[in-house]
Structures are given as structure tokens and as C-alpha cells.
């Protein structure tokens, strides 16, 4: 059986880990198989969970979150028959042939929602609320700003981070206040990449009658008519595929971008009225161009810099 | 009531009460409490690697518990263990990254010094403000926790993070700084003893710290002065014990102990500095110190209990669908019954023993 | 005609605190309109008995009868209902409340404070006139002298219309003048038919005011006698179980060289009030200089500055060598290093750490002495051993060095402090209120020790509010008033009246009534102080 | 910074200060009676959860509010049992309550709603709507005062007005009523209260009950006023900040208001100006994040001086050792 290890945010974070959970559930449903999962509580449990699952014969052991790459790198060699999957993390495939690293091109998906934000914006100001000032979140923000600027060179992108303690991911009240602050600075579309804090952003955007953009999972249904779209990160698909492949999982590094449909924008019945045809056309065009390699979206994590936004 | 009853019977019955209520909670969420407790005990105490984890957590809680306990002796409530441990971790990381030593023993020495110094430095400002300006230590240490988190966040994201890494963490420490784990120390080649468990030499450092704090508090002049000052400031002034000096020294020691916790997590376990290295151990330290009645032996036992709960909880999370919050609830109940509701057990016991004595007489 | 029912009758009261049997089968009858004294050694159980009567503690066994009716007193509410009021040995006042607020607490009229305060203001004014119990009703308790605080306690009881008034060691902290005043009040109350129980260690007071007196020893009531039919000597013997010397027996002093020379000493407290306004005095080897004065006139500050825990300006020389009065080297440890020992006024908040064992307390302040170090550690074995010896020499009971200080009675706590300070054979001993709240057995002992030290050629500076103590111990007496020394007298050339005048700031014998001159002077000072505190 | 921005920052200040203020006043009642309360965080959290849960199931925010108050009061009851009846350690009890609330809320929420420890989002009547005060729109054009009235004073949920009214109410109860006199006395000198024939235990339980009520309001405001549902740990340390504000305020109601407004203001400013560009040097977001805390320390050290807590605080009332 496969096993799944969620990052510290916990299974039901309404975004990233929850997507992994949904993928695992989809796997269970489709194949009738079962799986085991654990919500980590502390740093030391990372290695512990990997080892215990590997020892108990679970295969593959799928993990979410960049923080798992380091523990996997130190454990993998001890269990050569077990396959490990690190989603969002990177482990050198040369050194550890039994590890699969799945990375997402969040900057590409963010680019697309950035475009939509800029097009939907009437004020020419769009906002971004991140959970904590860490590279991953900067990657989101950077792609978003590039997309917005691609549509409208004069657009102003306001970027805010919630805090520096773990509470930053679970403080919807602060998310709310940041949203109000950004609205007062003119923002009328706000992209939230901040876990539970983002729920406060979406809520306030709905209350104040502006657009918001969800992240990771499809969050359009939370406030139909207000959530412009969600930047999808198909962790669910990645998890389901890895689990279905079972012990035969192919290892190595896999980057899931627009081309692989690993990231994208969510359009469903909840937001179809908000997304104009013009927007769709532009998004499709940009997507094709990115896939074809004609448009290059700068990846913050490639060189720790962002041309479109300063942190 | 005989002393043994107070020392053994009261906590024992309290823990049983906490366990009983926990069992009810587990039942209420539709799980089997007997299975759950068996799993916890087996996972934490019946396997060597279980012990390896239990003692790893214990080490953390000993340090933070001692941190709170020392401050308590000077009648100061140091809520800042969390922040002091964070900054202590920074000290460890800087020492390990920039002052690598040829052998881990030397590295440990340097890192211990750095951890204690950084932790102490972080405690110094609140201590000094308390002593000189009367700024309430509870507020300032709370504030310094937040400030420490911001400092750590900035340093990890902008300064110590290797280029291109996603993880807001420092680079891995050089090989020579790696501390021997219990496995390295006790397991023969190929044996599974303590396999993979993070407990390491810092556990012994923690035990030494317990002894050291005991000696400090009950055997040295400084300890004598700290306790005197904590009991009565006016008497301390009469005896020529400087309030400023005593406050500052007690807090420096307290902060140093908190900082040393980072040796275990950062140098012993992660072998790099991560953002979330303290994980609230500073706050658990408050409960540990209070339950241990600020005595090193008590702190040790309480830390062991919490280590068991942490590791047992991990086992629960691994093999059942019980949400991890259940462990938080069990911890809460243990703290409540052993630490705050102890008189609920003691009062009837006292009556019982009183009646027994009268019948004998 | 039958006798009236006793106002109070206790039958077979017993009370244990854990293993301590504080009261054993105690019975007592007090007739209405009388003052009944209770005496007994420290820890005899006097306060416990009275607290039971007042419903503060609950007896394990026994009955309470009030005015001939059996009365259940489960709590103080019931006691107040039964017309009982009590002034505790340790006042039960809220320090940062005003007098008025303390008086109405628990006896308010209705849910709002305003009407209660207004009524109490009126009643207090009335009581002040009737009983000479004047205090500023708006003043905070923490700004009041202990004497005034005690008035507040009495006012509290009277405000609740108590017919039975219990006073637990009311004069322990009062000056003779204040005590006299209190007794006038008690006398008035008795005349009105109120019943009073008075606990005190001072036999003079028992003889002066009580009608009957009971003696307690180790939790038991050993005797009840009519005051008119007994003598102080007999009471003392009943109390302690042996003959007690009620007078200090000492040879004339043989003063030597000047040990302490204080020149123009000033001290400003943390509120910015000047408490010492240029004090000059000398103490010579082999003599006791007694400082008399009403509490609050700077005697405490004098001891604090000399003892090194308050800063001052001016000059203090020990055997001709200047000692630091501020900054580095001016703390208590530096003083002790110069062989200045100090018995502080308040043993519980200054002299001892109540949670420390007796042996730990015997080096308190001297813990830096190299003799008590072994390497980086303290040599606890040695300290403990020496402590046992000191406790034996000073007759501390029980002589158990491992007992925490708080478990000793007041007198024995005081002996522990004295043992620590005197046993080191200091050149100069500063003593504040050495016998406050201490029973007569212990007083005798403490006085002997102080005289013995003097005879060994040491200099002693004694501060006490007990004029008796000052007069009988001192070789010279300096009187302080308002931060200054008003004058010096020899004990054999002065009397209570003259000292009383000096203590009130009156330097020349006034024509006419001495008391009114004192009152005028004191009133002027209190007004000044009240203004100072805003 | 223009006038509109100032108004917005102040508006945000009011919202951020409200939960702090309610929790701070809750702590004030408790600590004035001699019961130290570091469990404010847990009580708020319990209230936030229960209020959202009941509001979600009944659709009525008022039932939610009531449930929130009940939740916080239950936690208060545990604290009272431990620290008053069983004379336990008040700090330990407070720590335990924080843990208990943190675990139980998520556990129950997961069991109840199956949404990962959250409650469903509240709709319509399940939330406190903001109230537009009379004439807010009419007066808006009046220069300066108009916008202040319409933007800053009007347009908050009812609990905000309740919170602000609680300040004079607390002051009045504490300093003008018999109950207040006794409450203050029992925190200073319980033996004085006892010997005056008033029940120490009764008073302290009363104080704890009020503390529960106010924490209930604070939690309900977070979940049903500011937000539309409960999220795990959504109090995010506000209980500790409220505690800091209480000490800052030296246990006085009006000072509590100022302290909470100050904390709110510092946070609002930090949220509004996250990275400041000072002539090329960009102040990193972490500095702004920490700024409220740094300033608190500075203000505390520079201007506030020594805070003397109620004398009997933290000590159980024991007559017979």
C-alpha cells in the first residue's frame, strides 16, 4: 500500500495538503485500494514517519512540502526497495535513485492568474497576500506580478506577507485586515497564497465586493461570484498517479508546469460569469506561448530574484 | 500524609484521572481507548527507537523546563524560552557553519557556548529592562518571542539560505559537527538498537544541566541569592543582595538554558537550522517547570512524561486515524490534573491518611 | 438577683493545624462590660482561639455561647451578626484602599458605593468625636502609620456595632502615647457596657486595664485570675513556667573609644521626601545608645542607611574610617565586612527568608564569607553544624536547624536573627525593635544578650518604640523627631514625660499642660506629611 | 499619509483592538480578583469555535454568541475549579486551558463538520453584520468630522460597540459599586474580605464568570464578527497580547482601552506599510512585522514604568496551612 505524509500545515489546510488528501482519496476510490497517512506534528517526526512507513512495507511513501526533501535524502539509502516521493522538494536523483521529486511550476500558473487579475482590475492595482516570507511564496508572487504586468505595464502590484510565526498560516483575521489595507490602496483583485489566512482574504474580498483568487485547490466554490479563479496546483493528480503506480513508480525529477497541466487556472460554474471571453482567450494564448517556450516566466527560485516585484 | 504518598500517590492518581478523561474523549470520537494507549506505550516505551524519540523530546523539554524553573526561583516568569531557543539555534548554526571544528566534541563545545550565549543575550534585554526600568518581564519576553521569530525568518530567508533552495533553512552543517546519536553510541554494527532515532549526546548534556542547575540553586552563593531574592526582595536588599545583578544573572542562565535546547534540535537532529526548530517547546517548558515544581528532578520527570506523550502521540498519528489534536488534548489533561488539580486528589488522600492515623493512635 | 449571662463563653474548644495542636479543650467565660486579658508565650494559641471565636477558623470541637445563647459561628459573617468585632494581630486591611473603603467593605448599604460612603463618612465623624478615634477617612491605608491603621481596624468593628471587641496584640506596634490613647478608648467602651478581650505580651498593660486575665501555655488555658488579685511576677511565672526577671540587670557602662561617628546624615526616600535631615551622633565602644522616637520620624531610615540598604549623604565613620553611603561598596555586605551587624526592625520581611531553613538563615547576609565556601560551592555541612551551635546558645526552640523559618514562633525567629548577628562578635551592632511581638521569656533573654555584647566592649545602636525598653537598656538616649535628633539624655536623668515631649518635637518644658503641647506638635507634623503625600 | 489613509488605518485599528480589548477586560476582572489568567487565549478560542459552530448549525449568530459565551465560561469554570476550589497553581491551569482549547476545538470541529477542524462558512444571519449608525451617510459630506463619523465610528459590528462600552462599564462596576469594591479587595487582601464576612470563593467565581463572558464575546467577535467561521488556532496569540496589554494598562479599564488601541494601531500600521522604501534601502517585511513588538518594548521601557499587580494575584487563598 502507499502512504502519505502531510506537511506541518495538516491534512485539511483547504489548499496544498488537502489537495494531496483528495488525490489519495481519489486513488482509493478508483482502485479500491487503501493507504495510510499521517499529519506531522514536529520536525523530528519527518524522518520517523518515513522510516516507520518504509519499515512497515508501505510503498511508495508520498510526502508533501519542500521540507521533506532533506529527511528523504538522509533516509532513502537505508530503504532501497522503497520508493519515496517528495512533492515540492528536490532530491538529487543521481544520489538517490529510489526518490521521485515532483516540482510544480507555480510561477507559470501564477502568471496566468496574474494576467486575469490585471484584466479584471478596474483600478489598475492588484494585490497579493502571502502567508510567510519564504521562497516558495515569493515564487507565487513573482509569477503573479509578471502576469499582471504582461497585460498592463502600468499595473501596480501590492504584495504583503502575513507574519513570521507559524500562526501566519492560520490567521484569517490578519488576512482580512491585509485585504482591507490593500483595498484601501486601490487593489480590486487579490491573490491569496496563505493557507488558512487566505480564507480571511477570500471572505473579506467577497464582503467588500472585490475579486479574489484562490490557490492550490479549486477554491472558486467558497464565494461564488467573488473568487475570480483559483491557481490550481494539481497535487491531487500527482499524488493519485504516484499511488496508482505503486511500487513500479518511475523515479527521477518531474516538473509539472502548464505543459503537463500540473498548474493552471480553475474555471467552473462558480466563476464562469466572472471570466470574460477576452480573458480566456488571453490566458489560452499565454499558456500556449509558455508551453511553446516563446514566453518565459521567470522562476524566483532559480536565482532568488524577481524582475517584476521587489521583496 | 506521609511524604511518599505526596510524592508518588498523588501524581500517579492524577495521571490516571487524566488518562480516564482522555479515554472518554477517545471514545467520544469513535476510537478505542485501550488500543490507543497500548499503541502509545508500545511505540514510546517498548522499543529502543521509541525510547530514542521519547528521550529526544525529553531533552528539549528538560532544557526549556530548566529555563523556566531557574527564572521562577528568582520569581520571574520567563515566557520567552521559545524566542531564546530560536536565537540559541541561530548561535548553533553560526558556530557549526562558520567555526567548523575537526571533531564533534570540539564542535559541541563551541556550539554549546554559542547556543548559551545567544540565548542568554536574548534574555538579557528583558532582564535588564525588568531590573532597571521595572518593565514587566512577562510582556517583554512575549514581545521578544515575536521579535525572535522575525529575526530568524529574515536571517533564514535572506542570509543563511543556500542560493536557490526552497526551504527557508540554513545549509547542512559540515560532517564534523554531527553529533553521535544513541545509535552511534550504543548499537553494535548492524543492530537495530535506537535505529534512526534522533536522541543524541545532548541528552546527557541535558542531564548534566539538571545536575548543574541543582548545584547552582542549592549549593552556590548565586543560587542562594537567587532564591532569597525570589522569596523576598526586601530581605534580599537587607542582606546586600543586588536586585539588578540577581535578576540579570538568573535570566542570563535561564536564557542560556533555553538556547541550549537548540543543540538538540539543530545540531543533533536536523543538522541544519530550520525555521520551525523550537515547535513550541518553550511553552511546554512552562508546564514542565510548573509540574516539576521548579526542581531539576521534577523537571526531568515531567520532561520525560511529555517526551512520552509526544512520541506516543506520533505513534497514534502513524497507525490510527486519530487526529493529532487528540494528543494536544491529552497533554492538556495531564497538565491540568497533575499540575493544577492535584489538590483534588491530595485533599481526600489527606483525609484518608488522617483517619488511618487516628485509628492507629 | 442572678448573675447576668456571660457575654462570651467558650466550652471545650480544640483546634489542630495538621500535627500542631493549637488549642486543647479550652473553656473561658467573659462577663459583659469587662475587659478580659489573655497572655501567653509566642505560639501558645491565643490568636487561634480568638480567630475561632471570630469565625475565621473553624474549631475541631467545642461550643461558643454568646450572651447565654449557643451560637454557631461558621464564618466571620456569623460572628459579625453575633456582635463580635476583631482587630487581628496582623491587620486585615486593604492597603491601597482608603480608610472609608476599608470601613464599609462587607458592610455596604445597597449595591452602589456612594450612599455607603456618605453614610460611613458621617458615622466615622461621629465615632471620631465620641472615642477620639480620628483618622482622615480619605487617606490610603498604606500612607498611614500602624497606629492609625489600628484605629481603622477598631473603627471597622465599631461601625459594625460590635458589642464584643477582640484585640490581638494591639499595642505591639504602638508607641506608649498611642497605647495610652488606646486604653482610654477601651475604658470608654467598657463604660458603655461593651465586652473586650485583649491579648498582649505586656504585663503592665494587663495590670493597668483588665478586670480578669487568662494565661495560655502550649495550647492550653492554664489559669484565669482576677487582675486585682495577681501580680506581674505571678503572671510571668504562670506564662513561662519559671521565674522571670522583669527588669534588665546591668552594670554601669564603661565606654571606650568612639566606634560610630555619624555626621550630618541625610536621606531622601523614593518619593522624594527627606526623611533624615542632618543627623549627627556618636556611639562608643561598650555603650548602648538608644534612639527613642515615634514611628516614622526617621529611625528606620537611620538604620537602613547605616545598614547599607538605603543610600544617604553626609559622613559616617567607623573607628575614624569613612564608610561609603552610596554606590559601590555601600551595600549590606560591605557593612558586614566592616564588622557592622544589623538586627532589622522587621524580622519577617527583612531579617529572614521565611521559606529558608533555620541553618540557611544563620548565614543570610554573611553568605559571602570565605569561611562558608568550599571551592565554588557553599559549605553547607559547616553552616549547618555552626547553626546548630548558635541555636543552642541562643535557646531557639525547637533547636532544629532544618525547620523552615516560618515554622518558628515570632520570638524564636527573632532569636535566630540575633544569633546570626551577635554571634559574629561585631564591633557595632545596629538593632531595630528587638522585642516587637516577643513574649516576656524571650524578651528577658534578648535583653541579656544585648547587654552581654555591650559588656564585651562593643558599640550598640538601639532603635525601639518601647520607651520602657529604651530606658532600661540604654546608657544614653537620643530622641528623634522629624528626621532630626532633638536631644540627648541619660536614662537616670530623665523620665517618660520629658522623652515624650522630645519625641513630639517639644524641646522645652511647656508652661501648663504637657499633653496638649504634644498634640499640637504632632498634629502639625501630620498635616505636613499629609500635604506631602498629596 | 493623507486623511483617508489615516481613517483607514484607524478603522483597522478599531477592528484589531476589539478582540484584544474584550479579552483584556476579561483578564482584568479575573486578575483584579486575584486569579491570574494566562488562559485568555484558550477561552477565546473555545468561544470562537462554539460560536461559529452553533451559528453555522442554527443559522443564528445570536445563538452562536450565546454558545461562545457558554464555551468560554466552561473553560473559566475549569480554571475556577482548579485555582479557587482546589487551590491549584493558576499558571498551570491557564497553560492547560490553552492546550485544551487548542486541541478540543479542532477535534470536535473535525468530528462534527468533517471539514478538517473548520466550521462551515457562515452566511447571512450567521454573522454579525456591520451597523450603519444613524445619519452616517447624511453627515458624510461634513468636512473632517463627517468621514470620521461615517467611516471610523459607524460601520462596525455590534460587538465593537459593546466592547468599547465595556470600558466605562467596567470602570463603573469596579469603582462605583459594592461588587467592584469587594472584587478589588479580594484581589488585594482576601483575608480582609473574609474577615469582613464576605465569601472570597463566591467573589472569585463571580469574577471568573465575568471573565468567561467577556472572553466569549471576544471569541465570538473573531469568528462571527470579523470572520465568517472558525479556523484552527484562529486566535493566533491574541490572548497573550491581551495579557501584555493588561499588564501594560496596570490592571485599569481606561488604560486597557489605550493599551489595546495602541497594540491595534501598531499592528494596523505594520500591516498597511509592510515594506518601506527609505531612499533606496528597503526595510524588510520582517522588520515591519516585528515593529509592533519592538515599539511595545520601547514604550514599556521608556514611559510606563513599574506595574504593580494586584497583591494577592496568583496565590490561592489558604487560611490553614
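In order of appearance the chains are A, B, C and D, and numbering begins at 1 in each one.
Rule of thumb we're sticking to: a contact is a pair of C-beta atoms (placed from the backbone, for glycine too) under 8 Å apart; a residue touches a chain by one contact, two chains touch by 3 or more.
These numbers were taken from a predicted model, which means no experiment stands behind them.
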Third chains touching both subunit D and subunit B
A, C
When all chain pairs are ranked by how many C-beta pairs they have in contact, which pair ranks first?
B-D
Computed distance of Cα centres, subunit D from subunit A, in Å:
34
Averaged-CA centre spacing for the pair subunit D and subunit C, given as whole angstrom
46
Where does subunit D touch two or more other chains at once, residue-wise?
110, 117, 237, 284, 286, 289-290
At which residue positions does subunit B touch at least two other chains?
146, 149-150, 153-154, 323, 327
Among all the chains shown, which pairs meet the touch rule set out at the top?
A-B, A-D, B-C, B-D, C-D
Help me check something: in the complex, which residues belonging to subunit B touch subunit D?
25, 28-30, 77, 79, 125, 129, 133-136, 138-140, 142-144, 146-147, 149-151, 153-154, 158, 283, 286-287, 290-291, 323, 325-333, 335-336, 339-344, 347
Seen from subunit A, its contact residues with subunit D in the complex are 10-14, 18, 133, 159-161, 163-165, 167, 170-174, 176-178, 180-181, 184, 196, 199-200, 203, 222, 310-311
Which residues of subunit B touch subunit A in their complex?
53, 56-57, 146, 149-150, 152-154, 157, 161, 163-169, 172, 195-198, 265, 269-270, 272, 274-277, 279, 310, 313-314, 317-319, 323-324, 327
Mind pulling up the subunit B residues that touch subunit C in the complex?
215, 219-221, 224-225, 227-228, 231-232, 234-235, 237-240, 242
Would you mind writing out the residues of subunit D in touch with subunit C in their complex?
175-182, 184-185, 188-189, 191-199, 311, 319-321
